[in-house]
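Listed below are the structures to be examined.
Same chain, two partners: subunit A is paired with subunit B first, then with subunit C.
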Partner chain A sequence: MAEVRAEMVANVWQVVASEGDSVAEGDTLVILESMKMEIPVLVEDPGTLTKLAVAEGDVVQEGDLIAVIE
Partner chain B sequence: MSAGLRATVRATVTEADTAQAMGSGDVPVLGTPRLLALAEAACCAAVAPHLALGLTSVGTSAALEHRQASPLGAEIVVEAELTEVDGGRLVFGFIARVADTSDDIVIGAGTLERVVVNRTRFLARAAAPASRPA
Partner chain C sequence: MFGSVLVANRGEIARRVIRSARRMGIRAIAVYSEADAGLPYVAEADEAVPIGPAPAARSYLDVRAVLGAARTTGAAAIHPGYGFLAENAGFAAEVIGAGLTWVGPPPAAIEQMGDKINARNLMERAGVPVAAGSREPVADVAAALAEAERIGYPVMIKAAAGGGGIGMSAAGSEAELTAGFATARTRAERFFGSSDILLERYIERARHVEVQILGLNDGRVLALGERDCSVQRRHQKVAEETPSPGITPQLRARMLAAASRAGEAVAYRGAGTVECLVDTQAQDFVFLEMNTRLQVEHPITEMVTGLDLVEQQLLIADGGDVSFAPDSVRAAGHAVELRVYAEDPRRFLPSPGVITEWSEPSGPGVRVDAGYTVGNEVTPYYDPLLAKLCVHGDDRDQVLRRARAAVADFHIRGPKTNLAFHTELLDSDEFASGRYDTSVVARLRP
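Right, the complex of A and B next:
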């Protein structure tokens, strides 16, 4: 199981993937926005997206859970 | 794009540039926001020719010293230099001086940061903040 966590304080701009999706390395899970920049959060460990912990418009703090991939 | 890019902007202080006119103070001398705008313009000019089509830069951070007042009619020159490139983050140093004098009279100086963004996507995000919490 791999937990994907936020590396910075950011707004969740777009949620690209959905729970249940099969995801491959390099796929975009969500797009964050911080300091006016778009920051895609990419899959590092392929698997099934079992939990998506954020929604568009959420604010995430550094270390907050974004998704779980199993 | 790499550190070392430079550009200069020049301006004459007019009524519209004063703190009084800008609402940032009540004296008729160059307003600090105007100095900042000139510095940002110099930063933009330094990197704009080096950005791919569709990309632009937007300001994210500013540290500015405004050391000396510039009266109406004063000619000033602001020079910016790109000092650091960290992915899409650009760091600039700038210095503003009285123009056309052999004396090195510094009006202001500081550090600005900008980020490189896709113009269309940036504007789309800016126009749709509805889903964002207050």
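Right, the complex of A and C next:
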């Protein structure tokens, strides 16, 4: 199981993937926005996206859980 | 002279405008979002009004909130700074319609220059050189491919209503253009509310050089020298210098004359900037766009000319004369601006956070325009500019020496900053030689 966490304080601009999706390395899960810059959060370990912990418009803090991939 | 001015902005530029206004005896009124209540500019204003929550759309971009603040404080004028509502012709017209003084160019000039396609066509007619490119919005991918065939690859894909480098990308082939076009449209719609796209011939190994203009009330448009802004990451400026080490006196004279013509073509008043791309091999240039407001990097022009550009903006907006003899401006020495961003110095990714240490450099020729100080929180809601470190000296060598020392003496803890990148830039052979172009950052970060 791999947890994907936010690297910085940011707003969640777009949720690209959905729970239940099978995801490959390099796929975009969500796109964060911070300081007028879009920061895509990418899959590092392939698997099934079992949990998406954020929704569009949320504010995430550094270290907050974004998704779980199993 | 009007007695008060509301500054419809935040951070370092709000502080900058407040400083000049107060020095001139004008009451300075700040507005702030919930995220910015603790910033220095709020404390330094004569009066400060909260205008809404952190997201810019609900505060600094909220026309009703800003005009409401002007009404309740009895402000006589509005200075928009840069970004936010500065190049919004509708806002400028509303300010004037409410009986207030607008510290900026006529709304018609903002509108004419705000659409990049319209601006290109207008400049071409005024005899200002433009790059091969679109004369009308490119409707779809098929039209883009046909247009690129006519212009020749590589092409730059741009939002017609855009600015700040957002949504811009270069395409060297049909495949890249097809992919880039869709992305550019989405971003243009999202950031600028218009999905109009234009294509322009992309000039590789170019320098980005801009001319500061000042439109006077007698109709003259002065060109106050150039700034070289070729040090960029993600098409956004990181460092600027004047004079440009990459243009001959002959080319400079042609660029300054063209910039005056550009301003005259739209009956420009106040401070503005004509951005150009320079092909250093050919020593030739093309018009890129005009920014109808005060520019971030205006301090380096102030340092070499000795003028206070904000003061001139306020005087011109009031309908009067500028503070100097228009024919007597002479540039002296050299100046550099280094933008200190809250971002990591390797990948340039945003780094918000609370500032736990803030210590600015000082010394001969050193000027720091900062938006933050110790204890402030840098939030993800706005751009990453923390401060502008500006250095003036007799010549370029002296300026680079002073700049290296000043960067080493600037201490910020909390958010990561790009100060380490500036050290690297100043020490690089390419920047030190003066023979660099817009790809210099990409070469330092392969």
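In the analysis below, the second predicted complex is superposed on the first by the 70 of 70 C-alpha atoms of A that agree within 3 Å, B and C clash if a C-alpha of one lies under 4 Å from a C-alpha of the other, contacts with A are read in each partner's own complex, and residues count from 1 in each chain.
We adopt the following convention: a residue touches a chain if its C-beta (ideal position, glycine included) is under 8 Å from a C-beta of that chain, and two chains touch if they have at least 3 such contacts.
Keep in mind it's a predicted model, so treat the numbers as computed, not measured.
Of the two partner chains placed around the shared chain by superposition, subunit C is the only one that A:8 touches, whereas subunit B remains out of contact.
In the superposition on chain A, A:33 makes contact with both subunit B and subunit C. In the superposition on chain A, A:56 makes contact with subunit B only, not with subunit C. In the superposition on chain A, subunit A positions 11, 33, 35-37, 59 are in contact with subunit B in one complex as well as with subunit C in the other.
Interface residues of subunit A, counted against subunit C in their complex, comprise 7-11, 33-37, 39, 59. Residues 58, 60, 88-89, 115, 117-118, 121-122, 125, 131-133 of subunit B are the ones touching subunit A in the complex.
Interface residues of subunit A, counted against subunit B in their complex, comprise 11, 13, 33, 35-38, 56-59. Those residues of subunit C lying in contact with subunit A across their complex are 164, 166, 234, 342-343, 349-353, 379-384.
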